[in-house]
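Chains: A, B and C, in written order; residue numbering restarts at 1 for each.
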Amino acid sequence: MEEPGLREIGCEQSPLSRPDGSATFMQGDTSVLAGVYGPAEIKFSREIYDKSTVEVMVRPKVGLPAIQEKNQEQLIRETCESVILGTLHPRTSITIVLQVINDGGSLLACFLNAACMGMMDAGLPMRAMFCGVTCVLDSDGQLTIDPTTKEQKESRAVLTFAIESTEKRILTISSRGVYSTAELQRCIAAAQLSAQKIFHFYRDSAKRRYSKS
Amino acid sequence: MPGDSRRVRGPEASQSPLLYATPGRPQEGRTGRGAGEPRAVFVRAGLLSHAAGSAYVEAGGTKVLCAVSGPRGGGESGGGRLLCELRWAPFSRAGCWSSPAAPSRQAGQLLQESLEAAVRLERYPRAELAVWALVLEDRGSALPAAISCASLALADAGVELYDLAVGAGLSRGGAELLLDPEDSEEAAGATMCLSLLPALNQVMAGRSSAGHYDGAPGEELLRLPCTDTL
Amino acid sequence: MAAGYKTVEPLEYYRKFLKQSCRPDGRGLSEFRITTINVGSITTADGSALVKLGNCTVICGIKAEFANPAADAPDKGYIVPNVDLTPLCSSRFRPGPPGEEAQVASQFIADLTWVLYCDLICLDYDGNLLDACVCALVAALRNVQLPSVKISEDTGLAQVDLSTKSPLKILKKPVSTSFAVLDDTYIVVDPTDEEESLATGLLTVVTDEDGKLCTIRKPGGSSLSAERLQECISRAVSRHKEVQALLDEVLLSVKTL
């Protein structure tokens, strides 16, 4: 059985002039704009004495952020914190703002990718890169990588992983729906394969950008 | 809370099934105790691990939990400050589900008035004491139980007190005055809540709902609850 | 002496224990704290449960009400779960548990559905809130007794008979198991507040009775290999059996009363 691959991915680096780093990441119809500020000054009450304070804000397309966004914010923040070398900038704040431009499925994965590209653009010191991959399992156990909204709705289980670039290990997992352990392992393997492609894409876009100037 | 984005929101409107219930079940009256007889009380102090002091009071079906934090630096000049908050859990009342709205201001105020008179606040200059009470189940007289519970929690925290404050509930059922009313009795007539310092024989604060009282219920009240809490 | 050492060098203090495969509170690495479940203690709620994991205490009360079904899901009711972290336990606030996979057969009655307001209040916080919450929620759902409802033919209004009550039909009974990764190497189960604050990574696995996974939540932190993840899942499956046995026993004891 051939595993279907990722949708077309694209990015725009530094689309915004005011933040320290910014990126737009597109996966098929899904697109997210990330703005990264920092390391910057921080309020005394929120500073951490030995590392920088990472804050993530998720802005939905319409309306105010609710619980679902809060949950995503927490997942993304913890993921970013685990790769940023925060100890190099103690008592500072790093703020990542993620604005949904269009949600066509696999939104959380796209958030993670946009956040990572934004941080790269801001030149933050990182231990490794990471990328987000979403897989869905339908009722027959068929696996689809990078699903659309429709595929996500019809599926039995949706799993999103964040994978780091050095050893392809798993940083973050978030899932919904019921699946077996074997299916989980299959999803992890498939996600690791797709991660390779996304890291290639990261490298290519960085190369393109810096070779021009 | 309809506007609160920090909560999982349900449908816009819902009704309690009790509204559709076939009526006719007679209200159960006071069972097994006289008008001046309080319900059995269970009291336990120091059960929360993270609070400076805590207490749990159960009077009949009414269950109240209270925690005290502090004294910690408040920064204001003069004597100490006491912060009180009293909340009802969304599932605590027999009627419909109530959204976990802001704590009941009026009830919290009475709690505050009662405790301010009992705590030796002048012994805690520039400090802040926070009292937090939660009604888990309200089967009548929750506010009096909260007052007793809060003062016990303060004592458990080692806060200096003039005396352990005791709350007493009273409601008027027909011609009789009922001590420690149950929820059905509270709904039927006027209610009153008093807080007392039994050792000093003083009334600290009181509040009553619509209705008038004949005679002097306070005297009777003073006598009765003193015996059952300690 | 030991208390001072713990305050000054909490991580070093923990390492000394972890090297001996035990924890400061005397537990092994994959040992849970004593779990206590009490159901039906709140009589004003339609279903309730109190769960204690060591010091960590969570109470769940469920109120059932009628509402009109949502337009996009006419055959489903609502479950509205919320978690309150009150100043009683600590002043932290985290909205809604993410592991809400308790799938309940919603009862569909003409144009009315049940809405179950599940309010979880943390009374005493000592780590591993998620496990306690999921356990309290499932126990309370299994404790729910709904009155029978008939739609009267001539008025079209609902008639509720409070004297006959029936329990909810529950399709899945998930159990959550949380782990903390300390020092990037040691995985401990059922972390306390202290362990959570020292942890370099957290992981929660929710399983159902068939040993399938309902949710995995791992927010960042130390990266895990697939093998380590598998170890955690096996522990979660065995934990499910422990909790299930305890729950069945508690619910049975309430029924026979």
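Rule of thumb we're sticking to: contacts are C-beta pairs under 8 Å (C-beta built on N, C-alpha and C of every residue); 3 or more make two chains touch, one makes a residue touch a chain.
These numbers were taken from a predicted model, which means no experiment stands behind them.
**Q** Which chain pair is joined by more contacting C-beta pairs, B-C or A-C?
**A** Per the contact counts, B-C leads.
**Q** Comparing chain centres built from Cα atoms against the global Cα centre, which chain wins on proximity?
**A** Chain nearest the overall C-alpha centroid, as shown: C.
**Q** Just give me the whole-number Å value for how far the CA centre of subunit A lies from that of subunit B.
**A** 49
**Q** Could you grab the centroid distance between subunit B and subunit C? Build each centroid from C-alpha atoms only and quote it in angstrom.
**A** Distance between chain centres, rounded to whole Å: 29 Å.
**Q** When you check subunit C against every other chain, which residues touch at least two of them?
**A** 95-96
**Q** For subunit A, give me the residues that contact two or more of the other chains.
**A** Residues 67, 70.
**Q** Mind pulling the subunit B residues that touch 2 or more other chains?
**A** If we look for residues of subunit B contacting two or more partner chains, we find 6-9.
**Q** In their shared complex, at which residues does subunit C touch subunit A?
**A** 95-96, 98, 101, 172, 201, 203, 208, 211-226, 229-230, 233
**Q** Where on subunit A does subunit C make contact in their complex?
**A** Within the complex, subunit A contacts subunit C at residues 67, 70-71, 74-75, 77-82, 159, 162, 164, 167, 169-181, 184-185, 188.
**Q** Which positions of subunit B touch subunit C when the two form their complex?
**A** Interface residues on subunit B, with respect to subunit C: 6-11, 13-18, 20-22, 25, 47-51, 54, 61, 63, 65, 67, 69, 85, 87, 89-94, 96-97, 100, 130, 132, 134, 136-139.
**Q** Note which residues of subunit C are touching subunit B in the complex, please.
**A** By the definition above, subunit C touches subunit B via 42-45, 48, 55, 59, 61-68, 70, 78, 80-82, 84, 86-90, 93, 95-96, 115, 117, 119, 121, 123-126, 147, 149, 157-162.
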